[in-house]
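Down below are the structures I want you to see.
In what comes next, chain A is part of two complexes: it sits with chain B in the first one and with chain C in the second one.
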Partner chain A sequence: MKHGSALLLVAIAAGALALVPLLAPPFYANLLVPFYGYAIALLGFNLLFGYSGLLSFGHALFLGLGAYTAAVVAGVWGIKEFEVALLAAALAGLIVALPLGWLAVRYRGIFFGMLTLAYGMLAHAVLFKFYHLTGGDSGMRVPRMHLLGLEFAAYNKIELLAGPFYYYCLTLCALAAFLMWRIVRSPFGLHLRSLRDNAQKAEYLGVRVHQFRLAAFAISGIYGAVGGTILGFRTGLADPELVYWTHSGHLVFMTVLGGFSSFLGPVIGALALTLLQDQLQSLTQYWRLVLGAILALVVIFLPRGLAGLAIDVSLLLGRRSAPSTASTTETA
Partner chain B sequence: MSRQPTSNAAPPAEEPKGAPPRPTEHAPSPLIEARSVCKNYGAFRALENVSIAVREGEFVSIVGPNGAGKTTLVNLLTGLLVPTKGEVYFKGRNIAGVGPVTLATQGMARTFQLVQIFPELTVAETIATAAVTRQGKRWRLLSPLPQDAEIATRVAEIAGLFGLSSRLATLSRLLSQGEKKLLDVASAFALDPQVILLDEPTSGVSTAEKHAVMATLAGAARAAGVQAIILVEHDMDLVAAYSRRIIALSEGRVLADLPPEKFFADPVIIETVVGKRRGVSC
Partner chain C sequence: MKLSRRALLTSLAAAGAGVTAPGVFAPAVAQAKPCRIGILAPRSGIAASAGESGLRATQWAVEKFNVGGGIAGRKIELVIEEETNPKDTIERFQKLVQQEKVDCVQGIVSTGVGLALGPVAEEARALTIYWDGTTQDGVDEKLPNPKYLFRSTDNECEAVMSSLLAIKHWKGQFKTIAGINPDYSYGRNNMAAFVALLKRFSIEHEVVTEQWPKVGTMELTSHVAALKAAKPDLIFSSLLFADLPVFMKQAHAAELTKGTKLVFPAAGWQHTLMKKDFTPEGMIFGHNTLYFDNPKATALQREFVAWYADKFKDYPNWEADRAYFAIASYKDAVENAAKAKGASWPAIDDVIGALEGSSVESLGGKGSWRKDHIADQTFVQGFSTHANKYDFVTLDPARIETMYSTELQKPAGTNFWDWLKMAKFQI
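Now for the complex of A and B:
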């Protein structure tokens, strides 16, 4: 029953998102495109953080990797199929995540965080310094690409982003979420959560702690790179700012805002921050200050984030509307 | 002292008093064995030349005053610690460098002196963690666990053995101390181990609950076909009621390795093991 109603809510939300290009000015659909990129990246990020207990402060590295891969595939190699860029980004995510993760998963807590932060900084330095390969601080261009073999030549960039590309991203995000949902509910996902809660006990129950952390790191790397391809396509640019540590902080912010203890929490956080940032930027030049204050308030008053708040509210409403039925809801 | 076994006590206790221990010449090779192990913590020697062997069908208790080295011995036998000298064998193979995951899949299970739980996992998920290992399903990335009937059956069985059936959907951190202890042991049993090592499974459990916990444990061990149990226990009533053999440690040395009737007949040993503990509670 609880599952059913949650699924219904997700379906309604997806339906509402699908209506945005039809009912709202293109500006909004265009605004939401990066949200899908972040949502996909954060689904992966939270497999690492929420489900495996490893908080990365360098995860934007994979966003950058995805965008640069798209730039290389479409700009340097001239392959204009977006699907090829996606596959190449996923592969690049895997290839980069394996050695980085191999070292990082030996550490936990702050040491894991610092090591991943260092990865991000190294990546930034490399992109910045190897000017002839990466374009340095001006980055690399990500040309327009075909979607499912269609060129959409009649559309200008804004129309493409607010129309076909919007739906493309929505679908990709739904697919990524479905896959991740399967992963977290699998035996593999259970072993991740048990090693997060108590690695020593988990080992003695046969959980391969290092291997599984590495697998989670690799999957999150793939998701990050795929999300980054969307960001690159939208701005038409892959630049070092994508991997800068503040961008990694942005990912952590979204996750905490939405709530890392729920499956969709980080996605909700990505949506909330995308909309909030847009509103605040148009209202005040001190928007960073306001965002910082909001984050502090969320940490203090909503440790389970917006998703946790939503769950509490719906439980409360459910109890009010059905006071006669015995409430057997475990605090899940 | 209640040495009279309850109806669901472990098999050894059901033998008539004074029955000889199994004749060693017919005994199978040991399941688990420590050969002259020493363990130093820095300059401090916690274990000195300890040799023990536990065979199929045995229920062995390790007793001794606080700091005698009981936990250290269990940690050596399970590969958590590496001996400073000597070797540990499990089913005839040296466990040096083998690691807990392999030992768990080969049939060794253990619990820790301080209760270990997965706070945010439910009782069912905790038991399922071990069942997934046992059934070799850990790399199934996309198959939904809630729909796995094989796992669900095993989880229900184990929970039933430990009286946790009504708590399956409860988060571990919300359980009572006694239930946490039971769950800790239950999840180890879900590995279907041949040998299980329990480091004070009744510590932190009220005296009233202790006997019930041990009875549950012994019953579950029989039902699950566990071949050998190594128990660290301070409560001499429990030790007397369940053990086939008692190993007493004192200051890192084996003081005695005797069947219960001989053990309890020796006042010097009793004084060393029990006397020093008078007034100590943990």
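Now for the complex of A and C:
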């Protein structure tokens, strides 16, 4: 797909998302709020997975970190500015990611996966067991906060989520995507790809393998924490299940469903899974079974995910239209 | 007569306005429209059996009520969604309220979910009645005076009752005690309540071990070994999920149940899995608010249990009673409020007003709503026996105890631990 048409598609998609609160029933705007949280987290997750070749099975740790940071900032310290919570979460994500990443990026493949899984399980145990600090299984409340200094007192929480907060998250997601686009298109992003494809060769060429992977890990941690802050605000709760390994699996599912080989693949996966799960949960109590089957089918038949499928279809249509245009010209 | 376009449009607009104006045809439309009740119940995982029992009771109640004309003349229609984790359950709740436009949401078994959902229900201004969920963080009420939310009895009711029974019947017969309780606030508070009541009644005791398996853990060998090594006179356990029968099997195999007094306040959630082969007689066994084989059961309970056994070849646990209480009290409140308003469908504030302080006959006995929207219900516990026609233990009919939750839960605005020290318990 050409760069210009891809940009046009992204602009149309963003425009369509902006119309959701205006045209769709309010429930759908509410439903899409966590999608933005996941989309931001997955942009970071895919820097690690799609661009650096490091599959984390404990990435939900950072989402939990973001939600708990929001709970502390707003609930314990009483700072009701959402921007402060976002900044604090990003900082917490960085602070936690640096030591964890320093150890983890020395490993690849299953060892990296298992180590990150262990991080997630440790975080779950800490959140679950330290009742007096974290609220244990009950978690910590994330109170309502102000957006850009505005209280929106006339809105109840559901109206706030489906209106101002929706647009706030859409904007945040667009900014995060733009920033990530710049990151992956920068020399830093090229270094990461070279490491993913052949770390040994890249190292011979002078690429500092561990430092670059650590930087990717830290950036993905920051993105995860920011995404988690949105989830925490939306639910009004930070609870240990946010960091549990099944939640990390959820992130992997979204990424595989959307396709990790394209920039927006994980975001498409997050959107698809959010809408699919909503419909399936209302249709059948066996929705998990259906989701599992879909994941299996995607892995077998669509290894590049929905984004890969869309690219293939557009290429196919492009190829078909090209000869027909040529023949029309010849005929004319 | 010539009809101009302007006149035609004006007439159509007037006709349209007449049809859509509230109050003209609204009552007829409202009566014809079904009363939609949204249900949030666990349908998979460790609480699935509880969710299923509650759902079946709700469906039974709906069939029964619909035969009698529904609620205030409107047939009842259920919209069922699954209760999972807090984040997803809030999503399902919002779907029920915003998309499905239900009149009332009922359900919720998990306290963690209930705690998160409470403020959302209040913000949504949606009448919500919990089956088994509370809004307590530990034992502290986090939503003291909600307007739209009605919560179940405190989680500690069953532990208080079991503790009182243990003190009443076994005082002086045990000294060393051990606990095996699920590792979350419910299990920890139940164990702490038991110990606090022993202190309150000056029962000399020594806690020799406390085991905290993760909720739903099926590998309990090390916990059983630790209990066996501690040689307690009495074991207190509020295990209540699928791990309970597994524990009992392993404890039986290790001969831990021989000669040890057992206090299990919430065993009734798994009652049909508590087989005689490995569950001893004489243990304190809690059935919470519904004991299916209660010899003193009301006609309503007998009718329900017979239907349940016939249809599902199974016997209901207490979640059925919680669910029935929710829907029956809602029906009662709507009809009372409608009567007060001259038979028109009442506004949500009228229904809330009618619910406060109301009482209905639930499956397991009387149930009522306090002014602070917390339920009071009838609790049943007793001593296990093998003398029955089933392959699982039931309660010895001669030793069944019934208590109303006014005796078992803290009054509005009080601290649970302070209340335990000062309450007047009838032993």
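As a convention for this text, the second predicted complex is superposed on the first by the 322 of 332 C-alpha atoms of A that agree within 3 Å, B and C clash if a C-alpha of one lies under 4 Å from a C-alpha of the other, contacts with A are read in each partner's own complex, and residues count from 1 in each chain.
Rule of thumb we're sticking to: contacts are C-beta pairs under 8 Å (C-beta built on N, C-alpha and C of every residue); 3 or more make two chains touch, one makes a residue touch a chain.
Computed from a predicted structure; not experimentally measured.
With the two structures aligned on chain A, chain B fits next to chain C without clashing.
By the touch criterion defined above, A:Y204 reaches chain B but does not reach chain C. Once the two complexes are overlaid on the shared chain, A:P25 sits against chain C while remaining clear of chain B. Contact with chain B, but none with chain C, is seen for A:L179 once the two complexes are overlaid on the shared chain.
Of the two partner chains placed by superposition, A:H146 touches none, neither chain B nor chain C. Legend: residue contacts after superposition of the two complexes on their common chain; A:K80 is shown touching neither chain B nor chain C.
By the document's definition of touching, of the two partners only chain B reaches A:P187; chain C does not.
When the shared chain is aligned, no partner comes close enough to touch A:R106: not chain B, not chain C. The superposed three-chain arrangement places the nearest Cα atoms of chain B and chain C 35 Å from each other.
No residue of chain A lies at the contact with chain B in one complex and also at the contact with chain C in the other.
Chain A meets chain C in the complex at residues 25-27, 30-31, 34, 128-129, 131, 135-139, 141, 156-158, 231, 234-237, 239, 241-242, 277-278, 281-282, 285, 287-288.
Residues 179, 182-183, 185-191, 193-194, 196-198, 200-209, 212, 330-332 of chain A are the ones that touch chain B when the two sit in their complex. Chain C makes touch with chain A in their complex at residues 43-44, 81-82, 85-88, 90-92, 94-95, 97-99, 111-112, 115-116, 119-120, 123-125, 137-138, 142, 183-185, 188.
On the chain B side of its complex with chain A, the touching residues are 78, 99-101, 103-105, 109-110, 112, 116-122, 125-126, 128-130, 132-134, 137-146, 148, 151, 169-171, 174, 184, 187-188, 190-191.
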